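One structure coming up, written as structure tokens, with questions to follow.
We just call them A, B and C in the order they show up, numbering each chain from 1.
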């Protein structure tokens, strides 16, 4: 086997084991599942004789009004047209996504600073095999959690006669690939910086920037904000994973499955490009802080 | 075994390593000395392939070396100054070593691990989390890790820093033992007294330049301006020092309690003449020892006076 | 005492402040008055001076006029309004339209009328321009004149009939009282028929509006610019506007209007084709399928009301018209599929002091004689033991309409709290197991 691939697999196994024996991953999962439970239970309480009415449940009223104010009534209508699960999917996924992404970025910076990364490279490993191992760990842990979440929501649906609609499934798939791109950006942020704090700041700054641009061009408030965000969005969109996520969802709404999968492929391609840039960066900057 | 030719590393306008030429034969314990910021770490990092040289070349095992030469990197082991703080704390010693064994695709890894742990006296703590290890235990574990893949060259960066005397002895014994088995050992350390005990050859780097490189004894002899003879006496009469100073081969003489310290030119052995003189004075030398320049003194001499032995004696190697 | 006086004075001032609350400030503005077709009918809006863009649907006639009016912000409904009763000065001139074509076009104001004729579908809008507009208006006038004439004739005939009825009745009574045979007269009375009421013309659903003049914009998709030239050829300051012409993305989808039995005046709409209707099963449903089209949310909202908000990145389904003579296929769990037809229903209010009502089938020959049905819809009986009801809409030819499938699911709130919480805690349980097992591996 190629030496880098071998080193990657050895390190990945250790990272996976480390994650599985650490409490953080389980706590993040629990937080996600509890949020999912609350959202499903709240939805059930907000259903009356004519259908879902978010004003019937305090939590949903807050959520509904906030979303309507920010993104319009059509957005909320579509979000809950198939039930609670689409919204629940995104909210319940966040804790685990944040945990895996931020902990990997933090870890990368810390290991670089204390010399652990350098220690690994005394042998056949290098910076690239190190971050690929972290990525493999994050992808696997994400996949495990999505399966757990899917099972949980399926059971919750069975108990309440709720159904997982088509939007849920194709959002689930695209979310998986979106998370890979986010992890890739975490690796990129880590390769640019020398310590955890800087890496986290760069990573969160990048992600927040993408979110703000995306939401800014999506919002119904203030034409000025939207116009400015739209101009920036046109420039930034090519490097923003949220752009490809949105693109894929739009196409699948149209029933255009071919373009949906192209959107997924583009998201994967973005991840590969970002990882390649990270590889070059770490090769140039080295593994020493 | 290890050769460098005009090895240079610049960070912007700052030259960390300036045309360093090393020649380390196989099977030696080679000491690499220098004050902080002299360029030791940069040199080591280049030799390990972690940092790319700005200029010059490195040859290992008579082959050109770069970080891409994984086949050559497999023949190197490295013990850093400190084990990375707080890393892999969830692992036991055995799991930690197993990870590195797998990285090197070692066969019969478990047997090798057990054997090495036994050698360094850590067999009983194989299943202990090494976050509970003491500094000395961590250093020995680091040694084991570096030796797992049976490297031909062992790089040690400050191997005894922070250890207690017992730990220092253990590491020293390990170094000597590994060298007896034929391993070339490259040590970088500030603790010159220890380096003096184990190194066969030393190099001194200062300001990025290699100032001296020679066999230990030769270096000390070269740098010594004169010789000191220490004579222990039953008693040291007050007028003895003045008389000794008048001897033609004596440059200077001082007394320290019951010891007479005499400085003589470094060419020639004057112990016999001095002994004869003292006996003639009805004094009984209890012991006569010649004290040569210590490595520390040599180091200070070179760095303080900016002596470059290559520019003066010996020339480029 | 002094403090009391000061507090009272402050309170009075506060009340006075409330009394003299802000009156909306009216500002004289040049506006574009827009009568735009929104896919189902024509609705009016206006673009005030701060609105730089006008939104119109592509390939349909839209009407623009320019005028000076008072514009003010109405805080109660949070929107801008015009006060045309106080000021409404229309301008005559030409409109320069530039955009897709290389050269700008100059458009003049064209007389027009629009109306909706009854046909197979409820909404059949027609726009007539110039001579056609005159003809259409004329035809409508003649139709209405004929109707009013027939109404007058009817009243005359009715009066005559009642006079004859009265006289005959009096005569019959007198002769019967005198002991005469009145059989023949009674037969005559029976044969006397009231004159039929004239029928209101049913040709139009929306009759033609009086002929007006406007700039008619029927444009393909794209972006354009307009500006207004007065009759003396000068550009009206502040008349530059951008025009965004958009089209529907998809059509032919089916939505459902859902009227719950306990809130029949507050229907909801299920528009998203893949949507699921979750209900609590406490009441029957009455549904009405409709055709819908998909438009950009922002563009559509602003086309209907120029200062509305919308999301430019979302598409919304817009109800166009009810599916005529549809049939709804209803499939329940463990039951046969059956067809449901549209039926009329009547809402009977509870008698006496009790509140509430019930929806019953409309009985035109019986208890609901001489009344109109409250609603016409497809009745879907619902009960809590029916977990899933599947619906599918057919058109009048029996063909299934695309994207008309819907599921109605009756929520069954269970004791999911315990079960779900246990499930949610499973990762923590796994964590404890893993950590305990791991700790056994270590030697201390």
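The criterion applied here is as follows: a residue touches a chain if its C-beta (ideal position, glycine included) is under 8 Å from a C-beta of that chain, and two chains touch if they have at least 3 such contacts.
Computed from a predicted model, the values in this text were never measured in an experiment.
Visitor: Find the most central chain, measuring centrality by the gap between its CA centroid and the centroid of all protein CA atoms shown.
Guide: So the chain nearest the centre of the shown protein is A.
Visitor: Please state whether A-C or A-B has more C-beta contact pairs across its interface.
Guide: Of the two interfaces, A-C and A-B, more C-beta pairs touch across A-C.
Visitor: Quick one: report the Å distance separating chain B from chain C, using the average Cα coordinate of each chain.
Guide: 92
Visitor: State, to the nearest whole Å, the distance from the C-alpha centre of chain A to the C-alpha centre of chain C.
Guide: Their C-alpha centroids are separated by 41 Å.
Visitor: Rounded to the nearest whole Å, what is the centre-to-centre distance of chain A and chain B, using the mean of the C-alpha atoms as each centre?
Guide: 52
Visitor: Residues of chain A touching 2+ other chains?
Guide: Only 21 qualify.
Visitor: State the interface residues of chain B toward chain A in the complex, per the touch definition above.
Guide: So the residues of chain B touching chain A come out as 45, 48, 50-52, 67, 70, 73-74, 76-78, 80, 82-88, 90-91, 99-100, 102-105, 146, 149.
Visitor: Which part of chain C faces chain B closely enough to touch in the complex?
Guide: My answer: residues 441-444.
Visitor: Touching chain B in the complex: which residues of chain A?
Guide: Where chain A meets chain B, its residues are 3, 6-7, 10-11, 14, 18, 21-22, 110-111, 114-116, 118-126, 286-288.
Visitor: What part of chain A is in contact with chain C in the complex they form?
Guide: Contacts found on chain A: 20-21, 23, 25-27, 29-30, 33-34, 36-37, 40-41, 43-45, 47-52, 71-72, 74-75, 77-78, 81-83, 148, 152, 155-156, 159-163, 165-167, 217-221, 226, 230, 246, 253-254.
Visitor: Along chain C, where are the residues that touch chain A in the complex?
Guide: 249-250, 258-263, 266-268, 270-272, 274-283, 297-298, 309-316, 387-388, 407, 409-414, 416-417, 419-421, 423-428, 430-431, 434-435, 438
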